[in-house]
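What follows is a set of structures for review.
The two complexes that follow have subunit A in common; it is paired with subunit B in the first and with subunit C in the second.
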Partner chain A sequence: MKKIIEDRSPLSLRERAEGEGKTPSGNYLRAIGAVAWKDLAAELRSKELLSAMLVFALLVIFIFNFALELDVKTRDSVTSGVLWVTFVFAGTLGLNRSMAIEKDRGCLDGLLLAPVDRSAIYFGKAISNLAFMLIVEIIVLPVYSLLYNTNLFQPGLLLIILLGSIGYTAVGTLLSAMSVQTRTRDVMLPILLFPIILPVVIAAIRASGAYLQNMPFDQILPWLNLLIVYDVIFIAVAFMVFDYVVEE
Partner chain B sequence: MKTKPSALKALDIASLILLAVATYLALVFAPTERVMGDVQRVFYFHVATAWVGLLGFVAAGVTGIIYLRTQDLKWDLVEQAAVEISLVFFFITIILGSIWARPIWNTWWTWDPRLTSASIVELIYLAYLMLRQGIEDPDRRARFGAVYTLVGAISVPITFLSIRLFRTIHPVVIGNESSAAEGGFAMTGDMKIAFFFALFAFTIIFIDLFWNRIRLGHLQQKVEQLKLKVMD
Partner chain C sequence: MIKVRKLVKRFGLKTVLRGMDFSVESGEFVALIGPNGAGKTTFLRILASLARPSMGLVSVAGYQLPRQAADVRRRLGVVSHQPLLYVDLTAAENMTFYGRMYNLPNLNDRIDEVIELVGLTNRRNDLVRTYSRGMQQRLAIGRAVLHNPDVILFDEPYTGLDQDASAMLDEVLRTVAARGRTVVMTSHDLARTEDLATRFDVLSRGKIAASATHKDFGSGNLLSFYKGVLEEGRQN
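And then the complex of A and B:
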């Protein structure tokens, strides 16, 4: 800090960025953390988004209960499907809201003015979106376990849910940044998002279904691999194209 | 730009003739398949239209990347043309396939990798067109369109693979057939002629439509510019 104040030559900014090898990556991570923390702090104070997502998720489970007659026999085979439809629907609610907040009062423009790499904003938003989704899932799982007397707190299932949520938010954050800038806004997001995240939904439903029915691990492994591959590919793609989505 | 270039006119006529010949070859010239009967004739156009749909799909993804690199609006026109052609031809493929599947698989539809992937491409491209409609600024419209086709072009093969992890019943006429496929057959010489001619004809038709659509896009741009000029 002292050094920065002392150094007043016009080149100092660039020198600092180029000269100190560690600083740029440190700055990058700090920017990601700042964007994510801003969202989480705002949410912890208002709780608007989380409460809406949660109530919505519980309502979806209720509707499924009557739509599918979740009795003991059918429960085993449909639990994973019900869970993932609930997560996906509740997720769009969260994604829409979290980007709409940025757009509404010009906060996104403010963020873009910050002297950090644009992709840091993407990762920050993606992390906060992922956090919201995971919080909702952490609450929905025990409620579902209670209501239907099945234990969903199994490490394998939690891993599948984590991987699925990562893929979902990686694409969802990118596409929600696009959909808030269109005329139809909220309506647009599920239409854009659902066909793209279909592989995640298929793999996650299959993997968690196989896990819940105690199938051998070599039946689950291909789906797990698929989830990991999807996550890696789409995080990389979103990282590369996010610039074009927020460019003015 | 004002009148249609004569090469394009010639291509229009050529594709019409080719379409007529391909129809004759598929409906009259090719022998009737022994087990399936006349409904098998759908195959020639089914594969040819699927091929055109695929060409459009690949072209859209590639031009999306080129647009993002160059930021030249002309590539946006090409991309949109590819998407529209792909949308229409995959739709024809699905309809033709359903006509064939009803007697052979005893169902109009099954959730097979190819069927699902083709219909997902349709949905992605419908979403693409809706996305474009909701954006006024041409640069942003082009950027978002390019990003979305790129994301779609990566996602659809993964969808295909993920459904392939289940069993499939779709026949594979060219290449290795899986044992679970239903409705497969081996092509005779005349069938091959009809088949490859249909592929060729539809490739020419694809180029013709592509060219026409790009030209239309240019004209559209010009009209918009003129309108703005008149308003000023």
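And then the complex of A and C:
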């Protein structure tokens, strides 16, 4: 036991950690990686978050498949809308659960006690949330392609989906950290989130739709620009305010 | 080691701490006792930089809160009634995660040492979800001392523990105290607290109502001292 809680030695563990030439940016990136690794490792075991998102997403596209009798032309025009509605609702389930796991077991306090800039916690959570969303999207896309007889594996469309998902998780991770502090968190997150992600959802739907209907690139570009600007702005906002959001 | 002057904490219209003064010297073991709702947990959360003071000065290990919060957190360990562990990770994985967050050198060796301290070596690769409450609390203590902090805060650490687990926690607390670490602990278990702490501060109505050592109230008389302070407070 004597080694564990050391006597006051000239060079304690903490001082060694501070003095081993590890740069602040290196520590920051290490903390981001630790949070993302922890979320992915825990989810790999429990699968509670991914399975809920995936089942929900598949049910939505099945329901749309049976609800809408689509000819080829109509199908191209509604595909982007159906896809993004599926991603957004499934993503909300994941965002809620991801932060609730931290809050319910008191682990959020454990994260906040770490001696790192708290924005590192935000980026770690955002990266793992994005990874969960992309996994769901990778599974949903081929199922959708089969059911609706349309090829969604096109590089341009995948880029639009990636940009839209980044914007969605950037805002969603921040707002889920806020809503998880409230008693009505399950209801609160979509109420807070949907109005704010409206620009990113509209831009993603328009850009995806234009791409699938083979419109010229200059008609897609403004929506792509909007997605990029939205992503940059909200990542910057989250970086600045996350500390205040999680502190009492 | 810890200095608090005129600390006020408000939640909306409700004032929980009302100009509290408090100080702890290096190596002291202070028990903070008081009725439910007195503000003990709120106070520890402010010391741990989990809550922001509304007014007043707070410094831990020479660093001001909230301005130098990261420096304070590097020197602080916290054990609460919640273990702050991920149940879908193993004990070793939990320690690896927290070790990375604290950027500890020689992490694998340190994890081995800490897991051995809390007596979980043969369960180190089992998921925390399969642990009993007592085992989770033991691992939580390991998590709190992993980075060898100068100050350790214990917030009701005995909650939900059986006799064996409580005895094990006693042993760890004694080791912490013997090694010169500064400890602040809140607990409703006055008998255990009396054996462990060197100073006893009664927190009532958002302020320290009284402070005493064993010499002031005599061995085995903490309960009567505590009741006397609360009764005096009611009469005033």
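Throughout what follows, the second predicted complex is superposed on the first by the 223 of 248 C-alpha atoms of A that agree within 3 Å, B and C clash if a C-alpha of one lies under 4 Å from a C-alpha of the other, contacts with A are read in each partner's own complex, and residues count from 1 in each chain.
By our rule, a residue touches a chain if its C-beta (ideal position, glycine included) is under 8 Å from a C-beta of that chain, and two chains touch if they have at least 3 such contacts.
The model shown is predicted, which means the values in this text are computed figures rather than measured ones.
Chemist: Name the chain, either subunit B or subunit C, that contacts more residues of subunit A.
Modeler: Here the partner covering more residues of subunit A is C.
Chemist: Tell me the contact category for A:38 with respect to subunit B and subunit C: first, second, both or neither.
Modeler: A:38: touches subunit C, not subunit B.
Chemist: After the superposition on A, what does A:168 contact: first (subunit B), second (subunit C), both or neither?
Modeler: In the superposition, A:168 contacts neither subunit B nor subunit C.
Chemist: Would you sort A:247 into first (subunit B), second (subunit C), both or neither based on which partner it touches?
Modeler: In the superposition, A:247 touches subunit B and subunit C alike.
Chemist: On the A-aligned overlay, A:84 touches which partner chain: subunit B = first, subunit C = second, or both, or neither?
Modeler: A:84: touches no partner chain.
Chemist: So in the superposed three-chain picture, is A:106 touching just subunit B, just subunit C, both, or none of them (first/second/both/neither)?
Modeler: A:106: touches subunit C, not subunit B.
Chemist: Where does A:144 make contact in the superposed view: on subunit B (first), on subunit C (second), on both, or on neither?
Modeler: Neither partner.
Chemist: Would you sort A:117 into first (subunit B), second (subunit C), both or neither based on which partner it touches?
Modeler: After superposing on A, A:117 lies in contact with subunit C but is clear of subunit B.
Chemist: Name the contact category of A:198: first (subunit B only), second (subunit C only), both, or neither.
Modeler: It touches subunit B, and subunit C stays clear.
Chemist: Check subunit A for residues that touch subunit B in one structure and subunit C in the other, and list them.
Modeler: Shared contact residues on subunit A: 247.
Chemist: What does subunit B use to touch subunit A in their complex?
Modeler: Residues of subunit B touching subunit A: 68, 120, 123-124, 127, 130-131, 133-136, 140, 143-144, 146-148, 150-152, 154-155, 158-159, 161-163, 165.
Chemist: Spell out the part of subunit A that touches subunit C in their complex, as residue ranges.
Modeler: That would be residues 1-8, 12-14, 16-18, 20, 22, 27, 30-31, 33-35, 37-38, 41-43, 45-46, 105-107, 109-117, 247-248 of subunit A.
Chemist: If you look only at subunit A, which of its residues touch subunit B in the complex?
Modeler: Subunit A reaches subunit B through residues 171, 174-175, 178-179, 181-184, 188, 191-192, 194-199, 202-203, 206, 222-223, 226, 229-230, 233-234, 237, 241, 244-245, 247.
Chemist: Which residues, counting only subunit C, touch subunit A once they are in their complex?
Modeler: Against subunit A, the touching part of subunit C is residues 11, 45, 48-52, 66, 70-71, 73-76, 78, 80, 82-89, 93, 97-98, 100-105, 110, 113-114, 116-117, 127, 143, 145, 147-149, 175-176, 179-181.
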